[in-house]
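As written, the chain order gives the labels A, B, C, D, E and F, with residue 1 at the start of each chain.
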Amino acid sequence: MRCLVINPVGTDVFDGDTRKILEAAKRPETEVEVVSLAADRPKHLEYHSYEALVVADIVRLTQDASTEYDAVVIACFYDVGLREAREVSGRAIVTAPCQAATDIAGHLGNTFSVLVTRRKCIPKMTENIRAYGQGHAMASMRPLGLGVHELQADHKATCDRLLSEGRKAVEEDGAEVLVLGCTAEYGFYETMQRELRVPVIDALLAPFKYAEHLVELRDRFEWAPSRKWGSEPPPVSASDGEDVTD
Amino acid sequence: MRCLVINPVGTDVFDGDTRKILEAAKRPETEVEVVSLAADRPKHLEYHSYEALVVADIVRLTQDASTEYDAVVIACFYDVGLREAREVSGRAIVTAPCQAATDIAGHLGNTFSVLVTRRKCIPKMTENIRAYGQGHAMASMRPLGLGVHELQADHKATCDRLLSEGRKAVEEDGAEVLVLGCTAEYGFYETMQRELRVPVIDALLAPFKYAEHLVELRDRFEWAPSRKWGSEPPPVSASDGEDVTD
Amino acid sequence: MRCLVINPVGTDVFDGDTRKILEAAKRPETEVEVVSLAADRPKHLEYHSYEALVVADIVRLTQDASTEYDAVVIACFYDVGLREAREVSGRAIVTAPCQAATDIAGHLGNTFSVLVTRRKCIPKMTENIRAYGQGHAMASMRPLGLGVHELQADHKATCDRLLSEGRKAVEEDGAEVLVLGCTAEYGFYETMQRELRVPVIDALLAPFKYAEHLVELRDRFEWAPSRKWGSEPPPVSASDGEDVTD
Amino acid sequence: MRCLVINPVGTDVFDGDTRKILEAAKRPETEVEVVSLAADRPKHLEYHSYEALVVADIVRLTQDASTEYDAVVIACFYDVGLREAREVSGRAIVTAPCQAATDIAGHLGNTFSVLVTRRKCIPKMTENIRAYGQGHAMASMRPLGLGVHELQADHKATCDRLLSEGRKAVEEDGAEVLVLGCTAEYGFYETMQRELRVPVIDALLAPFKYAEHLVELRDRFEWAPSRKWGSEPPPVSASDGEDVTD
Amino acid sequence: MRCLVINPVGTDVFDGDTRKILEAAKRPETEVEVVSLAADRPKHLEYHSYEALVVADIVRLTQDASTEYDAVVIACFYDVGLREAREVSGRAIVTAPCQAATDIAGHLGNTFSVLVTRRKCIPKMTENIRAYGQGHAMASMRPLGLGVHELQADHKATCDRLLSEGRKAVEEDGAEVLVLGCTAEYGFYETMQRELRVPVIDALLAPFKYAEHLVELRDRFEWAPSRKWGSEPPPVSASDGEDVTD
Amino acid sequence: MRCLVINPVGTDVFDGDTRKILEAAKRPETEVEVVSLAADRPKHLEYHSYEALVVADIVRLTQDASTEYDAVVIACFYDVGLREAREVSGRAIVTAPCQAATDIAGHLGNTFSVLVTRRKCIPKMTENIRAYGQGHAMASMRPLGLGVHELQADHKATCDRLLSEGRKAVEEDGAEVLVLGCTAEYGFYETMQRELRVPVIDALLAPFKYAEHLVELRDRFEWAPSRKWGSEPPPVSASDGEDVTD
């Protein structure tokens, strides 16, 4: 299957690592392509107004991918544009980190905590998790106090922060599973699992593997995205980008 | 106070009516400006992917307006871009129809029904209303089976549909208040109120008057938008549209 | 518009300040009248059984006011008698602090904390906030450990308590907005806002200004209180106080 | 044990039947006293403003009873004044129909429907049931279209209405238990149970027997009403009715 | 009435105390029988997989008891097998600690905390309490860090732990009532109540007395378990243990 | 990977079909083994008391499988014994139909309806779906009025019922996805999808494929079941079935 991974930021600094990580994680038959956005787009999505600047790109990329790809992964833990992209994905599966990771967590333990970059993230991510119906299972959301682009700057320092907050999430908040609340928190889950002895769900791997899973279901059983009621797609002409009026 | 009303669609067909209606509804000291988007934008937002194509415009317009205007009204019942626009509005108030109308309804009766254009709208609008905490008060959401651009095409026919569905909402679903679930459902609430004998909240007037109300509160009491935690704005440089990386 | 503000206590010690504050806060065309109850009524409503002793007064005052006034404000953060008074208000608007303040807070930030007088208040006020649908947005409820009549006794000491608990609400509990949970906590919000840099909603101003707002909506658009189903008023004879049997 | 049953209406027309029914239903050692209110009080509580006129009486009667009686039953399905009366009941137990009946229903089946007098009742009773945490178990609330004083006027006609709505509640709404939503719906549950083959909880018997139960628990185990936090009673002087200021 | 109390563990070490406690607590006319399970059953139910090993016994014992007994009490705070046993109890009442104790708590205060043996218990017990609709009233669940069989080993030490955690539940978490979250936490509630001055609901007494209460209701009013929809029992042949296929 | 599928009933009539269906649906490297229970176990689980008779078997089978298998699938839509089996599965994944199917549905549409065998099922299945956090997405639960062993008796008749109820679920209840609420409803989803044009999630395939997915995640990323807090397993000795006391 062919999977398009969108790093919805105006920089390709994450693309290499993303590709490398997913190449190592993919099923043999999967082809991964990673794209990021034009350089005039925000370099991170720590602000909701930055999300606004990329959601049209996500939709257009998804729409273009819908005939060529089997799946699209939106690689941002805000699950930015998920509803919008799903509408135009045709038969392609669209996944995103928060929904996929919390779904997986629900099969591995009773409760989870999310380790997010900054307190900034908490209200919207909490709203998302509640909308997905997982608010009851969320033990806590703990901020690292690190920006997206600081996460990989000093690997050791970030790992220490993750271990420290993760340990508190488990011991004080009662989390049985940890979820990494940013796709740029990659490269840490294995160390964390070894140290903390609970599963640690990586925000990049979760939606990617969930997409492979759903594509397999679609290909075997025709469990493709519903196109009924709220999932109704726009008329075909819209995909030409010319006539979305009628 | 100065209020910018954004008709977030790529057509100005609604702008004249919007202006006329709000001019008649405004407080004396209010100045209303109505804008719509460039012609290559979707002509309506019946699809979530179309919302994606306008949310950046809404944010940019809000950001630009934040120093010149006291309030911005996003004139679409999906409250599209509300969170994102609020982040960059500085001291300006941002309102949107669904939040404003259901807030008002909560002071006028125990329950409300929303009369939406098509079934397409129901899942996302329901999710919004639940996120605002008003799910318990929603008696029903009833579709008219009419597209946005059909609403004003045959005034009599639309009014008949609204009366028919509104009556069922009151009599069968137990609604004490009706909410019109599209800003293009203007020009009907008075007739409906007369016929149905319950308050009928107009989706254009509600956020506009709510904005006037909140601006007055801000000007008198400094109750400006919070800029803390999830409401933290992006750094100033971002508003230049050049450097949103750091 | 004419607004009756009910201080639902058997003392007029707050009336002067209430009048002065609202005179300063009102729109030019608004006329404010402040009343309190007979001297044999409780001097404060810190106990629910005291509320029971005043709710009939609130209803009678509202019913009497319904033909002379445009709005009635029940000046107690328990929103005591709100449902009951609304039933008999005819076309007059009835507002109360908790509902109005949390509505306003919902437009200014993602979360709010309420600073209440004593722990005594927490269960009922929490139940109210949940019934209004705002439980998800409440970051915390923090008691000052001060009785109603102590709040104005030592302005400096109360302000220090408010600043101290308000700061903890913001920093520890994640509140983006603060709500003052007693109408007698007046005279503090401005200092608090300056110090804490988040909006601080005053419990007296909020329902008063909300009432002005709703009266304007009623006068312009006929958005009067619903009189359907649960909002059905008692038959006219009841207002004579003689024949409520039939 | 001694139990005071308050028919919180300004008529004694129900007192005889109430006494007779409870005398037949009581444990041998229980003494039942039934009181109603002064003739200038509302003759029924179909309106919330009428409730307002009796809640002070309920509190005063409870406070007076607190030293002489073991329990107080508030015989109105709105559970009017329950929180307020409990505050001043000292060691006496206070019960009310809605809370008691839905608690019992929760041990007899998965879901229940409430058969109420008129649609008027539905919003407030629904809010109560949600506040008690039983909203998830409520299959429906069905109105009979009869006023309180009509219920006993034509026994056969009322019974037919109850059977008809009760049957629909079971067959169409999925109720496993029925709850009679008015204390004046007495004398019907046995016939209904025989016909409909599901338990039918009587609104008068439920809180009365629940009170006996709780008094027994109190007398045996000292499980008396909590007097902590929100359940803190007013200071003693208040019970003298003179000095509730301090 | 005849009541069968099931200690659903493969040891009779608790049976003597159980019998003694319930003999002292019962109504004169009640006959109590206490049974535990065969010696190859788990000696405690701290693990959910141990519950799995006893639920069939609980069902069989209940089914056998259904014609001889009026009530069955499942003496484990997980309320293990409650739904399953109720299905086959015929006209007999089945109660269990968590549902009974939280119901009672709801009449004595606004909030409760549960003092459980170990953190192990928290997720499932929390899920139960939420399913009963009492999640909103739960102030906290606090573990003692003691296993079931340690609770009675050193009475003084356990009492100290209970007092210490109970005090924190009241003072820090705002509990107005305490609930003992294990039937083996017997013999402590009186001391705790004296020290902590809030009602302390014993996990053994609560369901036993609730059963007496419900049997009285059944005998007087025919409020027997519903046998409709989800409460439908299996066909008679099944009770013979031979033919549950058809 | 090796997967054990438990048909938790005392008949092997479903085993052949189960094996055939899963053999056709599995990944190449997966080995499927299907087991059912001893002939003295219930032949179906339409009654909760029957579930009680098989949950110990499920736990024992899972515990035995935990060292030999990578996954265990509990093939009953009640997800019977899921929590209990997960506790003893060691590193093996345990899945069940309701959780897996509703998770998948959440990625394919906004709402789903469940087509269950009989009304009997509705309360417990609804409670499960709410406990998983998916109550908000459930459009309806519709019974077929067919017992488990009738489903495959007349394929055409069952298919007609499924199409008829499925169509109503989509058109009247607003379902965007359908979920088959019994593992014995196999062999229908393809026809249904073709006719109804929405995804139809099969209750046997969903947990099986979800198990493959989770095992892959475990093998690649060590995302094994949490063994912390509520997920803590019993001590090793317990698995010997001899000493579960200590």
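One rule holds in what follows: contacts are C-beta pairs under 8 Å (C-beta built on N, C-alpha and C of every residue); 3 or more make two chains touch, one makes a residue touch a chain.
Note that the structure is a prediction, hence the values are computed from the model and not measured.
Common neighbours of subunit A and subunit C (chains touching each): B, E. Superposition on CA atoms relates subunit A and subunit B by a rotation of 180 degrees, given as a multiple of 5.
Per-chain Cα centroids separate subunit A from subunit F by 27 Å. Inter-chain spacing, taken between the CA centroids of subunit D and subunit F, is 43 Å.
Within subunit F, the positions touching two or more other chains are listed as 110-111, 119, 122-124, 127, 130, 136, 174, 176, 229-231. All chain pairs in contact, by the document's touch criterion: A-B, A-C, A-E, A-F, B-C, B-D, B-F, C-D, C-E, D-E, D-F, E-F. Here subunit D touches subunit B in the complex through residues 119, 122-124, 127, 130, going by the rule given at the top. Touching subunit B in their complex are the following residues of subunit C: 25, 27, 93, 95, 99, 103-104, 106-111, 132-137, 170, 174-177, 189-190, 193, 197-199, 201-202, 205, 209-210, 213-214, 216-217, 220-231. Residue ranges of subunit A in contact with subunit E, taken from their complex: 110-111, 136, 174, 176.
Note for the complex: subunit C touches subunit D at residues 10-11, 40, 42-44, 46-53, 55-56, 58-59, 63, 81, 83-85, 87-88, 119-124, 127, 130-131, 149, 229-234, 238, 241, 244-246.
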